[in-house]
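There are two complexes below, and they share chain A, which is joined by chain B in the first and by chain C in the second.
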Partner chain A sequence: MPGADKETELKGRIEDFLADLKRGGSGTGALRGSGEMARETTYLLRRITAQARWSSAGDLMEIIRHEGRRITAAQPSETTVGNMVRRVLKIIREEYASTASGTSAKQNMVDHVIDGLVEDLSVQIKSNQILFVTYTWLGHEMATGLSKVIIGTQTVLANGGLRAVNGTHSVALAARHHSTPLIVCAPMFKLSPQFPNEEDTFHKFVSPHEVLPFTAGEILSKVNVHCPVFDYVPPELISNIGGNAPSYIYRLMSELYHPEDHKL
Partner chain B sequence: MDKDELVEYFRTQVRQDPEVPSAVAAIRTLLEFLKRDQTGETILGLRENLTQTIRRLEEADSSVAVSSGGELFLRFISLTSLEHPDLSQCKKVMVERGELFLKKISLSRSKVAKLCHTFIKDGAKILTHSSSRVVLKVLESAAADKKRFTVYVTESQPDSAGRQMADKLRKLNIPVTVVLDAAVGYIMEKVDLVIVGAEGVVESGGIINKIGTYQLAVCSKAHNKPFYVVAESFKFVRLYPLNQQDVPERFKYKADTLKAVEDLAEEHPMIDYTPPSLITLIFTDLGVLTPSAVSDELIKLYL
Partner chain C sequence: RDSSVNVVQLLLARLDNGVVWLHSDGPEKKYEIRRAKNDGKELTKEEKQRLRKEKKQQKKQKDEKGTSERAKEKKHVAPSQPVATQPPTQKAHTVLPASAPIPVPASGAPSHSSPAPSPADKPAKSRAELKAERRARQEADRASKQQSCSSSSKTKAPPSELNPVVKRLPEHVQVDDPAVVKRLAKKLERQQIPLRSDYGYKVSLFSHLHQYSRKAPLTQQLSIPSTVIHPSIVRLGLQYSQGIVVGSNARSVALLHAFKQVIRDYTTPPNEELARDLVNKLKPYISFLNQCRPLSASMGNAIKYIKKEISNIPSQFKEEEAKTKLLTCIDRYINENVVLAAKAISKYAIEKISDGDVILVYGCSSLVNHILCEAYDKSRKFRVIIVDSRPRLEGREALRRLVKQGISCTYVLISALSYVLPEVSKVFLGAHALLANGYVMSRVGTSQIALVARTFNVPVLVCCETYKFCERVQTDSFVSNELDDPDDLMVTRKGKTQLENWHDVSSLGLLNLVYDVTPPDFVDLVITDLGMIPCTSVPVVLRVKNLDHSMPVWMLERGFRHKVSPCLILHAMLHRL
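The block that comes next holds the complex of A and B.
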């Protein structure tokens, strides 16, 4: 039966995606980079909307929430996945509020809006006064006068703070010390409704073999080595994010996500 | 229902259920007044009567929450389509909305507790100020979640409210220590986070709370400890104080003091104002808010 085939095909795709996520966590799997992950998630959610069986907005939201929980559990450190799920839930709520028509019309409209989601947000670097230097020289360069420091991030948290790659906090502190503006560029799908000291915020650690190779010998048995992947940068160190101050993040958050979807 | 009956009803409500916020007791009184009122002949007249009643209740209990709760109640029940030609119909609608409002705010404390207890980690040392029933509920939820933590409570003179808080916490089997108000700086290096309640949340995102809270906030900022505020949304008040002197006198002192004493300059104020720059996050039943988000939420409530 064509219906049953579609369902098994859909299930198969979801399982593939979950496996990719689990492998792709360290950046070596098929999915690399948050942008690609966000795109893949949106494609998957669009497929679920098109192929799953649902008769009301509530049903669809329940299905997406259920799949969303599974996907985020597969790779908790990839917040973009959870963010896309929450974004889709918000879109469904908005569509439901603005239309009163039947199922098929709703389906088309939801697809149409999800298509719009898939467009990439490009980052424009306008200033021509940027020096690309390595982290070790950054303090020296800042003392002699950089005009601004621009960084990316893995996640933007709900209080305006960042979860960025290790070393970013030091850069931010140096920038604050030398009164150099710190600008963060991040696409919308990196905005996450998490807070930094909440219970289920995570940290990711990787093997320290690049820092302390296994050949180092005796010392290995005497020390504990931790190698965190991310840094927390508090909002006080950031000057503006995409033209918005860190204290304005709550506004963007309320436009993108609905408060009830913060916990999937 | 005349003035003395009103105040008596209010006081009975507070006595019967000491756990209930004073604002909820005030709103129950207002609702009762609305049900019993025979003198109002127009909607404007009804509103006038209710505003008068709120003033009378403020004279009985001068806390900020009674004032803000009363005003929010009034707005909620009257800012709706009251186009029925018959006054008693309109009154019925107002009473229904009043019951709805009351039900909503009775649940707000549990909502706040649900949001906040996830921020308390296992093994945390918490500092709190004076006696707040919302903070108590938060700590109760965290304890029910099988988290182990210890609490330091400031004694909070002049009424030693901190000691009552410590007793309540001991009943919940939470290890608690009472510290002097002056020992806040001394104890700050030991604690992991500070949680306080609020009597009122102002438009700037700052709070009005028992005297000593400002000190606590300054100290925790100096030591880089997170300073959390837990408050229900009916405590949002339309004030924008720029400093301690800007807080209106009618909130600063207890109702009895305001009536009895001539020269307030001799009296010690019971509350102080904590500016938003010292507050990390505010937990309300509307969600977890940064201080800058408070004004948006406040506007949504009052419009």
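The block that comes next holds the complex of A and C.
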């Protein structure tokens, strides 16, 4: 029963992926870059498309949506995963709209498109230089030395704002104070249709032992230590996101994702 | 100028043919001296011409006889010894008239070689000739003073502080200028202090500053026991360079205590005045400390105060009296400017702290910690958020002190600033110095906090004692700063040090700044011991303070002294203003 084997194998792979996500987020597992995460997600989705049993576009979409919900629930801060799922859903819709032929033809086409997506992705990742800047004293250096500030980000939100690494907001404010342009480099898979209103899901915290080590002694019990990972950077501080103004992001978003898929 | 001429006259009268002049008729001598005073007015035409000729000849001889003058000096010192037993420092003056070259009229020469010329010689010299002689000697004196190096102690003309002082860039901010570096090296060599060498690649924007390594303290190049530097100063220098004593107040107080020990162990050498000699003794110590770690603004002000106090000691004081007076002065300075100022500032600051406040502090400022502890003792209910930054991690010290007191604290790194600021009601910052244009110089990162706090509309209060106000003007952090050891930036995580071989990477420079300046528009209020002032009023306070310091010079000469604390005077002046 090769079908059953494939199914269990597929299920096994999905479970592995979920476990990896959960571990990766806590900081103890191997840290993965967003690009790698996106690639892994795409491979998994391709496998699902190839090996799962489905008969129509709607079925496939339902399967992928179901799996997508599970994956995003495993690690909410990894928006890349959710973005890839939404992208694939959009591709399926497009394919459905462009062809009127049967299931198998569709399947092949979807495979084609997903392959193309994977390639596209790898090109993007290679060509994108994501730079990180240290910022403990950056403020006044901007007054004279710098002509531009280039930063990376974890996610680009739907309003053009960023969810970036801690400290980026200070950098952005300093850049605005010294009238230095702030440029964000981010590949397409980081564009997320989320808005920054969800206070409780926006922030993620890691263990504060990096900030105040356990060797600090007794005072640990009397002190609150916070170690947030992300910073919200409002779109007013940003000059450019990879060639587009922040106010243009919503347009890009509509090309990549379908509005119905915004909530998985 | 008149007074310096007088002094030179008197000395010359004493040393050169002193016996003759002293034995001469009283009125004669007085007449001479009075005429010497009116020298400039009474010279006749012929005398002026002769003087001009003599000056020209002097100049020629000066150029020709470089070293041969020294030989002549040595020759002439021997015969003039029986005239007066000269202390070594005044050898210069015996030497000078001797080295006044041949153009001094022949009447001068025989008087040098024969120690006790007969009184019969004197009437032979016409008054005009004597005057010309005197004039020529003065010129020679002045000429060779310019020539010779400053090692001979000069007679101190009363300081003319009312004249404008030419301000030059301090030497520690001109490291990329080779002439300045050479001058500094020569000065240190003269004072027998080793020169500390720079370490590592310096980022081009900061190549005009020193960058030292903590692993190579200056004391390794000193011989122990050092004869030039007092041991408590050596210890202090080491404490500074290794980061054992940090913080503006701590460094100044430690400096003053070390100086107290120096004063206690000091004995005036024979034929020296305590007022002059002690100041000269302190100069190499200050150079040494500067080499260990660049002096802070508060230390600079403290040193100025001590030097002023020492030079204002009346010469009739015995050594013990003078020493006790100096020790009490120093104690009073510390008490007024550090201890009492902290009390005054706390009193003002506590008015600004209300119940339910969330206060943000940065790093470890002794003054801010004091304020918070006092406020807690007065039963104000508040909690504190301590922001810290690498590589110094000074916030941990503040955390320890506040937690010990019982205050509820939260601790974050500066990268989490945007996360914590929405819940903060006030920001209290300490300062290293307040500059004359209203900028606040403080630990690096302070300007970032002020900037982000301004964005979130959180009030920023800076607490600073008035003795840290300094006359420098700076608008950015590049001009004058301190570069700390760049190796501090390396961090080892999970056994791996990423930047271990940063020396080998030619395009990489590590920059570890210590200070930065915050513009006054980010600061809402400055709390000083004189009251709560806006940041832009700092130059007003400085001006009033400066007036206060420059007054005593001429006032002293008439016997007035400010017996009241300067702070009270300033307060009164500000109220009147």
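Remarks
The definition used in the following text is that the second predicted complex is superposed on the first by the 241 of 264 C-alpha atoms of A that agree within 3 Å, B and C clash if a C-alpha of one lies under 4 Å from a C-alpha of the other, contacts with A are read in each partner's own complex, and residues count from 1 in each chain.
Please note the rule applied: a contact is a pair of C-beta atoms (placed from the backbone, for glycine too) under 8 Å apart; a residue touches a chain by one contact, two chains touch by 3 or more.
For clarity, every value in this text was computed on a predicted model and none was experimentally measured.
Once the two complexes are overlaid through chain A, chain B and chain C fit side by side, free of any clash as defined at the top of the document.
In the superposed model, A:S98 makes contact with neither chain B nor chain C. After overlaying the two complexes on the shared chain, residue contacts for A:N197 are found with chain B alone; chain C is out of touch.
By the touch criterion stated above, A:S179 is placed in contact with neither chain B nor chain C. In the superposition on chain A, contact of A:L212 is made with chain C only, not with chain B. Legend: residue contacts after superposition of the two complexes on their common chain; A:Y248 is shown touching chain B, with no touch to chain C.
With both structures placed on the common chain, the touch criterion links A:G167 to chain C but leaves chain B unconnected. In the superposed model, the angle subtended at the C-alpha centre of chain A by the C-alpha centres of chain B and chain C comes to 100 degrees, rounded to the nearest 10.
In the superposition on chain A, contact is made by A:K222 with chain C only, not with chain B. In the overlay built on the shared chain, the residue A:S55 is in contact with neither chain B nor chain C.
More residues of chain A lie in touch with C than with the remaining chain of the pair chain B and chain C.
Taking the two complexes aligned on chain A, the least Cα distance separating chain B from chain C is 8 Å. Residues of chain A that lie in the contact sets of both chain B and chain C are absent, per the superposition on chain A. Chain A meets chain C in the complex at residues 135-141, 143-145, 166-167, 169-170, 173-174, 177, 203, 211-212, 216, 219, 222-228, 231-232.
Taken in their complex, chain A has these residues touching chain B: 158-160, 195, 197-200, 247-251, 259, 262. Interface residues of chain C facing chain A in the complex, by the touch rule stated above, are 205, 388-390, 396, 399-400, 403, 408-420, 444-445, 447-448, 451-452, 455, 476-478, 511, 513, 516-517.
Across the complex, chain B meets chain A through its residues 118-119, 121, 193, 226, 280-281, 286-290, 292-293, 296.
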